[in-house]
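Next come two complexes built around chain A: one with chain B, the other with chain C.
What follows is the complex of A and B.
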């Protein structure tokens, strides 16, 4: 089967623009307190979210995606010419460009139809890509599914280059619903912490340039990583709650691992919801078995918040940088680890990556699960 | 098993179709037409958005029509859904509630539906779809996009049977005028069950035909340029090759009157590997119309056809219907 490699990265988070800014924040391991979005009609008790600094526009998600896409293209060395003929774009998002549809947040669009999920189209128009242009809206797993779909396109010979990732921005409705569900942590995003009380959403975008290994080699591009495995599953259980046994989450991981449960690092989904972190811990135990005790987890959301449809894409960007630098950054310090979450979370200092192989998980409302394994490229 | 020309053993066939749309065309927004109790049952649907109800009803119809989604283990069943405005009315109502009142006034039962993929949660639970569920949302092409992504996954072995559906409810507010006349909000759902032909044949199932879909993009800012048209011509050739369309086939166009739509129609008309445009339908405000057209042509067993849709946002999709061949459909 055609090998798929990662040749470019782009990231936008609350720590600023650029994958380098993200990596710097990962090494510093200092969590920021959540912001309070300026939204006079956002009537809710915990209007807390990590915002991308310096952007004052309603159409934020598209802007983040374009910024991250431009960085990824430049990083891949594809910015000098129009993109290759068979270049596709796949963008995952939970809410799309919903800001302009929420009352008082953007220009009135009158009678014009204004589909929310047009972020991929904006990216495709900006870079002039004629290949498939796909919008994946699998909520908080959308970024993982979008990169998977992009890899599948290359594996099936339908594209040579795919710009894949995810983007999400502040949505009054989404945050209000999480408030109503009692799932917002009033302090910060604290995955695996004994005192965690929910998640804290965040804005952001992560984009990766995927290529067939042959295409990358032909143009002399260096590959940061290869996609070694992909696993998908669906709980078929409940609109919001994960299936308690975590069987389907574990199945997605097992499929992605492809029979080899030895890893150098795991970047879990881990949002900070009390039940979700426990279920994922159990699923990790089922999928990794005895190897779970050895492998360090890097809990990205503790650092950047939960970026929704961008979360797994940003986790894949982070995983690629872990492979590239051969370093596992320290986790943001926990108060006290939940004993029900029996996972290893190094917090003191960066550690050497023992094995160049990283698992990334993404899960979502609706029980949609995607897992990917990245390995060091040959 | 003899397969029709151009069709491969890896192409999946449609074994069940469900179409749940308002009677008559065009739709009359706001007119009651869907009886939840009659369609779904007396209890358990109060806190399910309209689009989710339509989807569930269409999925049940497709299963009752012979779709063999549940004839493989749950972990081999998958679903891909397309929608643009399936949750638009729900989100608009929630936004009003928060803006005029407080988040505490939201219904906790409806709150999960802020995420559009949750519209598909109920049918997946009902049919124990544990392989995967994916929700695709590109403007107007999302239904065909769901078909493309789902069938690609099926061909890669990620599942053994596949439910593909599109559902819409809205959007709220007035219709948007386009060049071909007013584009109307869409309501309803279309569902199709896909299975490998060998599996369908082994259980004595019948099928309507096979389908393939391919999507591409015409950057809107290049739609009127020579460069855009030249590149699009080459892209269309690639798409037709991917669809196995090696001879001219009749073309059905669903257009929104945009520059992108007109450019795509013009390129197709001039392309040596496409046949005449046999019908042209105004696009609605969503992704349902191409799927309704596709389902109608499959059910009518019209044989080889191409369906094309393209949008102002730049998305375009082509779907190929293969003749049912020897299926006793």
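What follows is the complex of A and C.
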């Protein structure tokens, strides 16, 4: 099978622009308190969300994606010339560019047809990518599906280079819905914490440059990581709640692991919802067996919040940096770990990555599950 | 393709899509589904469930413990550009008027973009890969292509592809013009030829070359490159090309946008269902499906897909 490698990264989070800013925040392990978005119509009790600082634009999700894409392109050394002719773009999003629609149709937005799922088109337009352009809308797992789709495009010969990732921005609808469900944590995003009350959404974008190992070698590009396994599944159980046994989440992980459950790190989906974290812990136990006890989890959402359709893409950016630096950053400190979540969450200091192999999970409403394993590139 | 289904007013059977004029009758296909759970499903989901159920049954894969292929090996790929716009707009209004407490917890799942694919999976026990594409005019043909790719990549054994677009006031408002719009869905089941053979199920059509390009002529040229068999049926895109590409003069044309209204993300799936019906009924030659005009109509792409007869 064609080997697919990661040769460029771009990230935008509440800690600022750039993968380097994200890595620095990961090493510091200091969570920011959530912001209170300015939204006169955002009538809800817990209007809490991590915002990307310094951006005052109506089309925020597109802006984040373009910023992350430009960084990834430059990081991959593809910025000096127009991108290769068969460069594809795949962008996942939960809500799309919904902010404009939520603001209403006044003079600011005009009456033009304004589809929400146009982020991939904007990215392709901006970087001049003439290959396929795909919008994936698999809710909060969209970033994981996007990178998987991008890898498949390379494997089936549809593209030479794929810019794949996810992006999401403030959405009144999403945040109000989670308020209505009672699933917003009033303190911060606290996955696996005994006192967690729900998630805290966040803005952000993560983009990765994918290409075949042969294509990367031919142009002399260094590969940060290789995609060693991908697994997809669907709970087919409930529109919002995870299936209690976690069987399908475990199935996606098992497929991605490809028969080798030994890992150096896991970046779980773990959003901080009371039930979701327990189900994922059980699924990890089922998929990793005895190896779960020894593998450290890195809980990214405790640091940057839940970035929706960007979450798994940002987790893959983080996993790539873990492999590149051979370091597992410390988790944001927990109050007390939930005994029902029997996972290992080192919190004291950065640790050496024992095995250059990282599992990333993404799950979503509707029970959409995507798991990917990244390994150090040869 | 081993199973087809439609949920389009006035279209009783998939082959009716080939009729030259608009379908007669305005029956609501969503009324075919009943049950307590239906009350809280959004319009797009109900239409998709109708078409999906029929396609699964036609392929010999109805939901149930005796299904020939385990649900874990059947995926769902949904194409819709406007699917949950109504729920999102309704939620925006409720929050503005009554705060978040005015929103209904029962409708909240439909604010997530993947609601249609999720309900199809939940309703019919399909636990394989679950993907939602919102890809503009080409989205339906992209979905058929991705179904084939999921199977060839070994992720699943079969895929239920659904293309759906609802019509309601928010959609009408956002579409911004008075043209007719499709309020319906189409579905098809894709599996490998070996799987169909093993199950003893007749295949209606084989999925051939696919291309997504900057313009429709480019996409057509790419999928026809090296093909010798003539095109017998051409399902044209919504914005018809001023000059037909060479070699298509003798093809029967099928313009679903003219008969059903603007089909957006459902068009490619409807075309594939129509083309498979045509091939299954003994149509001569291959079928060419095309969606999106690309640069000719300010779309960002155009797609083309060839469907060919099986065993003839």
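As a working rule, the second predicted complex is superposed on the first by the 370 of 378 C-alpha atoms of A that agree within 3 Å, B and C clash if a C-alpha of one lies under 4 Å from a C-alpha of the other, contacts with A are read in each partner's own complex, and residues count from 1 in each chain.
Please note the rule applied: a contact is a pair of C-beta atoms (placed from the backbone, for glycine too) under 8 Å apart; a residue touches a chain by one contact, two chains touch by 3 or more.
Just so we're clear, the structure is a prediction, and the values are computed from it rather than from any experiment.
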item	value
Clash or fit, chain B versus chain C on superposed chain A	clash
Partner chain(s) touched by A:138 [first = chain B, second = chain C, both, neither]	both
Which of chain B and chain C A:89 touches, first, second, both or neither	first
Contacts of A:174 with chain B and chain C, given as first, second, both or neither	both
First (chain B), second (chain C), both or neither touched by A:152	both
Which superposed partner A:128 touches (first chain B, second chain C, both, neither)	first
Common interface positions of chain A, toward chain B and toward chain C	41-45, 94-96, 98, 101-102, 111-113, 115-117, 121, 124-125, 130, 132-139, 145, 149, 152, 155-156, 172-174, 176-177, 179-181, 232-240, 248, 251, 364-368
List of chain A residues in touch with chain B within their complex	41-45, 85-86, 89, 94-96, 98, 101-104, 111-113, 115-118, 120-121, 124-125, 128-140, 145, 149, 152-153, 155-156, 158, 171-174, 176-181, 232-240, 248, 251, 364-368
Interface residues, chain A side, partner chain C - complex	41-45, 93-96, 98, 101-102, 111-117, 121, 124-125, 130, 132-139, 142, 145, 149, 152, 155-156, 172-174, 176-177, 179-181, 232-240, 248, 251, 364-368
Footprint of chain A on chain C - complex, ascending	71-72, 75-76, 81, 88-89, 91-92, 95-96, 99-101, 103, 105, 108-115, 117-119, 121-122, 124-136, 142, 146, 149, 152-153, 155, 174-176, 212, 214, 300-301
Chain A partner contacts - residues on chain B that touch it in the complex	74-75, 78-79, 84-85, 88, 91-92, 94-96, 98-99, 101-104, 106, 108, 111-118, 120-122, 124-125, 127-140, 142, 145, 148-149, 152-153, 155-156, 158, 171, 173-177, 183, 214-222, 231-232, 234-235, 238, 242, 285, 313-315
